[in-house]
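Here the chain labels run A, B, C and D in written order, and each chain numbers its own residues starting at 1.
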Amino acid sequence: MARFIPVRETILAGAIGLLLVLVASRFPGFVAPGNLANVLNDTAPLIILALGQMVVILTRCIDLSVAANLALTGMVVAMINVAMPDLPIPVILAIAVTLGALMGAINGILVWKLAIPPIVVTLGTMTIFRGIIFLISDGKWVNSHEMSPAFTAFPRAVILGLPVLSWAAIVTVIVFALMMARTPLGRSIFAVGGNPHAAVYTGIDVGRTQFLAFVISGALAGLTGYLWVARYAVAYVDIAGGFELEVVAACVIGGISIAGGIGSVGGAVLGAIFLGVVKNALPVINISPFWQLAISGSAILIAVAFNARAGRSKGRIILKSAEASS
Amino acid sequence: QDDVRIALVVKALGIGFFEAAARGAEEAAAELGNVEIIYTGPTDTTAEGQIEVINALIAQNVDAIAVSANDTDALVPALKRAMDRGITVISWDSGVAPEGRQMHLNPSSNPLIGNMIIKLAADHLPDGGQVALLSATTTSTNQNIWIEEMNKVMGNYPGIEVVATVYGDDLADKSYREATGLMQSYPDLDAIIAPTSVGIVAAAQAVVDAGKVGQVNVTGLGLPSEMAGAIESGASQSFAIWNPIDLGYSATMLAYELSQNGIEAAPGAEIPMGRMGTLTLDDNNEGAMADPFVYDASNIDEFKSIF
Amino acid sequence: MSERAPPAIAPVVSMDAITKTFPGVRALDQVRLDLYPGQVTALVGENGAGKSTTVKILTGIYHPDGGTIRIDDAPVTFAGPNDASAAGITAIHQETVLFDELSVAENIFIGHAPRTRLGLIDRAAMHRDAAALLAEIGAPFGTHTPLRDLGIANKHLVAIARALSVDARVVIMDEPTAALSHKEIEELYELVETLKSQGKAILFISHKFDEIFRIADRFTVFRDGAFVADGMIADITEDALVSMMVGRSVNQIFPARSALVGEDVLQVVGYDHPTEFADIGFTLRRGEILGFYGLVGAGRSEFMQSLFGITKPSKGVCKINGRISVIRSPADAVAAGIVYVPEDRGKQGAIIGLPIFQNITLPSLGRTSRSGFLKLAEEFRLAREYAERLDLRAASLDQDVGNLSGGNQQKVVIAKWLATQPQVIILDEPTKGIDIGSKAAVHDFMAELAAQGLSVIMVSSEIPEVIGMSDRVIVMRDGRIAAELSGDALTPETLVRHAAGITAAPELQEA
Amino acid sequence: MTDTAAPHRHVPDRLQSRATRVFRSWEALLLAVAIAIFVVNSFASPYFLNAWNLSDATFNFTEKAMIAFAMALLIIAGEIDLSVASIIALASTAMGLAVQYGAGTPELVVIGLMVGLLCGAFNAVFVTVLGLPSIVVTIGTMSLFRGISFIILGDDAFRGYPASFSWFGQGYIWWVFTVEMALFALIAVIYGVLLHKTNFGRAVYAIGNNPTGALFSGIRVQRVKFILFLLTGLMSGVAAICLTSRLGSTRPSIATGMELEVVTMVVLGGVNILGGSGSIPGVVIAAFVMGLVTFGLGLLNVPGIVMSIFIGLLLIGVIALPRLWTMVANRRSA
């Protein structure tokens, strides 16, 4: 039953493996566990956001506002931290997730209730969110020395050998794997993207599911907003500028179909890791960083061409002889 | 309208260094009495953004534009048009090609800065060692010049080897990642030189996170307020900067002199700039404001609350 | 109308004075419908009579504008499909409403999957229950199979299993046999019997009268969204039912045709396709109607589409008027004088979003324009000519085709092709899903075209139509030509035998 | 035809008069918005109503609009090209490279246009030949094209363009009318005619509404899409020439983020992002609206990012408000 092996994921994992071997042949230190952990930690925000984006894309939408959401949430929590340095981290986390989810809900409502195409909605909110950061911060940076030590320490705190930032990604992956496979919401998300018309007949509210997808994506962007700002210990208008496209790219490389309904948690995670490895490997093997953009562009093109080929249905086979030989 | 309107155009809004310069400009304006400062710039460090800002300033018919450019050449046509419409144009901090401005104010002289950044690293490496450069964007005019000047004097620092130059694009996360990459690629790295205020902070953070405080010394150009933590943690032994408040102050004074007092910017001209003395222009109509100043554990507390 | 004898048993579901309006259409007007336990009620009516709308109201997909639904004599309102299924009403819808990317078991249980104590989906239980359901209906595939790997008929079985997965008291089947083969239809009949014996109420919608008379106990007739009559099947004749349906008696006779068949127009030699068909060859003459018969999925549409340049044959020659034409795209086909009225009207036929006149002139723009520049007046003239010829019912020519009824959309598609003045017109299932009244009009029109010298290829799965309309019939089976029949050899038996691959002896032969 | 004798029913050509349709159109709404912004601007800043200033302001949108016209056709046909800004970068880099080998202005123009066409063809092959979704393909080529510029240029910049080359981005045709304005007007007319007055334009609409139906109607769908990608590439080449000429230098980061502004302009112009409808006059007005907003706010020294809030609100607002309106109206009548 060859068709039950998820072909895309296997090949993508293979590509990542090959990449690691190639890098290791020039720079063995890169595959040392410690360094791989660093790469994972560095890729964690991308993994988390790619999962949120995956859910949105699966429902036939797209969320271009994630990076702006991340930046706005990050700025807000940073400013809150400056104003109230003693606020405990769990409260900060709650604020970040809620605020992010709220922004996701704005996207979701516009898509659900007013039926505005998601790309238009999120293109609009993307610029609006960025603008709001400027308005609330007056364009000023929040620097590390203004943040409380607890605030910046959280994502770095090491548990069982890995920083909290990495754990956040790992936990997100586990929660998503469970949610997508084993909860009615997860299955509805696939159903809505796969066949929205049929979803209505089975009692699934398409608009509401899309709304929830945006809320999920927003909440994760909010969470990442705090982790990002705390990790790099700085908040300003432009953080994570253009990151939304990297997130979409991770999904595409991971085999999430932009037409909705097709994709997997494993794919999204591997797509993100692939980009993360490329990004981290280039400086190490002394390839000029100027190559990075062209390489990730080519990776997207190859991945999408490949996925389309693998996903193309063989169609119906009427001829008996053809059936036997295929 | 009586006020003289001087526009201080910066690379991007929100950067601490330029905010401090704006304060200096206001100080100058207060001193001059009838000056209105328009502090503006794009929100990201692009030439196109600056051009739009400059077009809007031309339309408002301001009296003078003092710009820290994101691109030496790209602003030239827009600034030329400004000069055609009778607006005084000077560049400061990061320069514009000579045909696009009347004069340029360097914060310090480029050879001095080039020498300073390598000296800061070498002073803590008596036996020599590996250093790497973390620059801003690949297109930043002044970083490129300083690195060039630094390379000229490398012979004076035997044993010091520059192993790599990477670019953090003046983005905190990219700079952080590049710094981390440097430490991985060069396990024996002794110092990171970041001649940019964004890069130096990110690099210091990366060194702390990598647990390499004491092994890798971060130095370069930074702001005391932002670097106070790094000095305290030991990630940075020392760094240098000129005073951005003085820089904004001087730029405003120069713009005022050129536009209101009929002083012509020509090679050899001596232009007064208030409490900062006078500026002497060289053959390129450029002048240097002052020497960079070194900050370390002994004096950081005094300055960190100022800028 | 038939006398309503007081039923011995009370209805499970009773709809009364139900009204439903869509923008511009009154789909249902004060209709009533009763379903009784242990009985099959056939709902009959022409296309657009409101049958599927009734189903959607009963399953909570649409909300009625007025009227009451009672279950066991208690009025209910359904906020959504979930309410209806909770009330024990389940349906196999006319469209397949399934998910290609999910597994068979998930398709059956989506929306009401068994849960573990943690609230997660209990996959083991789900697959076990799904397997039991599939066994019950004799489905030949596993529960883990992704739905996209199934053929249309098997997908339909999944839809049936899904309907049975709810512990329902009322099972609705909206044209369930349309996609099924003979054998599968028999199995469906058995299933209906089982459900009946379990005391379930069944609503059965079909356009096929043999079916209705075979399995239904009662009937209800709608016409134009209004209730006409109901009663016991045993008390009524086929003719009476038809006249109630259309409100007049329908002449079932096919138009008389004088076989004025002329010279060869189209010659097809050795058309092959790697997977869909092989070795297709035939000749078509001027003024002829050539029927293509076969079971659903025999590959007729695939072949026609390759003749029209949509899919590429791997081999084969096509000659028009004796000269070889190379057809690589529909544009080539149109230039060569071959046009195709597709089976799937909504997707392949009309361009919804464009006004009627632009739909009609789309393939003829070369003639209505000058050196690539549009001439609107010319377009309106051409569109008006064909709209009038086909008796199009529309408010104006710049109205969006999407606002037209299905039958009128079909007219626009035919008009679009006639406007190109073709030599050969291929009609793929021209009367599929069309009611008896409109069918006759389509048949007359085809005869008229042939009489005017157009060569017609008609793909059809309906034996009376094939025999009644065609001068000659080609039967396809499994992608190959199984027989060419005409004259006395053209009988229902021979058609069925060749289509199903049964030779003289009633033994199945290896294809 | 049971009753063929019955007289044929007459179907009128149109129900609404042309004037009614124009009056009720999106373009009319947008024009009202543009006029409102113009009036507000004239009151808000004393510098607004000045021919030279308005002329300078057009640079805010002319280059983007040139691409937006081609993009409008592409979006109406149901595709999108997010790589346009990167095509500008690559075309500009190629021109800069040619300058290093002594190319003159005519050669530079040819090179700029050719690179644009090539990039368009590259996208087109992926979309039409391999059948991949254009949004994904062009997200990929967006990185690839700019990536190539970075590989070629690294931390360098190309400068030293011939003096005559500056005509495109800095020259004036007459009085305050710039070369770019003339190009903008010319391209607007060409695309307006192409979309609204030719068979090709009709095919674009047909494809956008129903690609399968268009194919089945004998339209060469893939060929039309191919041409549309070529045109978008070509227009990016034209924009690259203007922008490079205006800046007088090339860096790989040139025109960063412009693709989203172009798409915003197209959508604001009433083009349905899902394909099938839209008009060139709409895009023209949208270009002016965006130009007026940014210039008006620029005169008040409002930072660019705050202007983008207005653009974002405008984008969502002009689509949302009519829908909200009908929703409220329906609720009230129900």
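Keep in mind that, in the parts below, a contact is a pair of C-beta atoms (placed from the backbone, for glycine too) under 8 Å apart; a residue touches a chain by one contact, two chains touch by 3 or more.
These figures come from a predicted structure and were not determined experimentally.
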item	value
Pair joined by the larger number of C-beta contacts - A-C, A-B	A-C
Chain at maximum distance from chain A, centres defined as averaged CA atoms	C
Inter-chain centre distance, chain A versus chain C - centres from mean C-alpha coordinates, in Å	43
Mean-CA-position distance for chain D and chain B (Å)	38
Chain A and chain D, separation of their C-alpha mean positions in angstrom	30
Shared-contact residues (touching 2 or more other chains) in chain D	154, 252, 303, 305
Where chain B touches two or more other chains at once, by residue number	13, 43, 138, 167
Residues of chain C touching at least two other chains	none
Listing of all chain pairs that touch each other, if any do	A-B, A-C, A-D, B-D, C-D
List of chain D residues in touch with chain C within their complex	1-2, 4, 8-15, 197-203, 205-206, 208-210, 212-220, 276-277
Of all residues in chain D, those that touch chain A in their complex	126, 130-133, 135-137, 139-148, 150-151, 153-154, 252, 257, 260, 263-264, 267, 272-274, 303, 305-306, 308-309, 311-313, 315-316, 319-320, 323-324, 327
Residues of chain C that touch chain A when the two form their complex	59-61, 80-82, 85, 93, 95-102, 106, 110-111, 113, 119-121, 123, 144, 146, 148-149, 151, 273-278, 297-299, 302, 478-480, 511
Complex interface listing, chain D residues touching chain B	45, 47-48, 50, 52-53, 56-57, 59-60, 154-157, 159, 166, 169-170, 243, 246-249, 251-256, 294-295, 298-299, 301, 303-305
Chain A residues touching chain D - in the complex, by the definition given at the top	62, 110, 113-117, 119-121, 123-128, 130-132, 134-135, 139, 237, 242, 245, 248-249, 252, 258-259, 288, 290-301, 304-305, 308
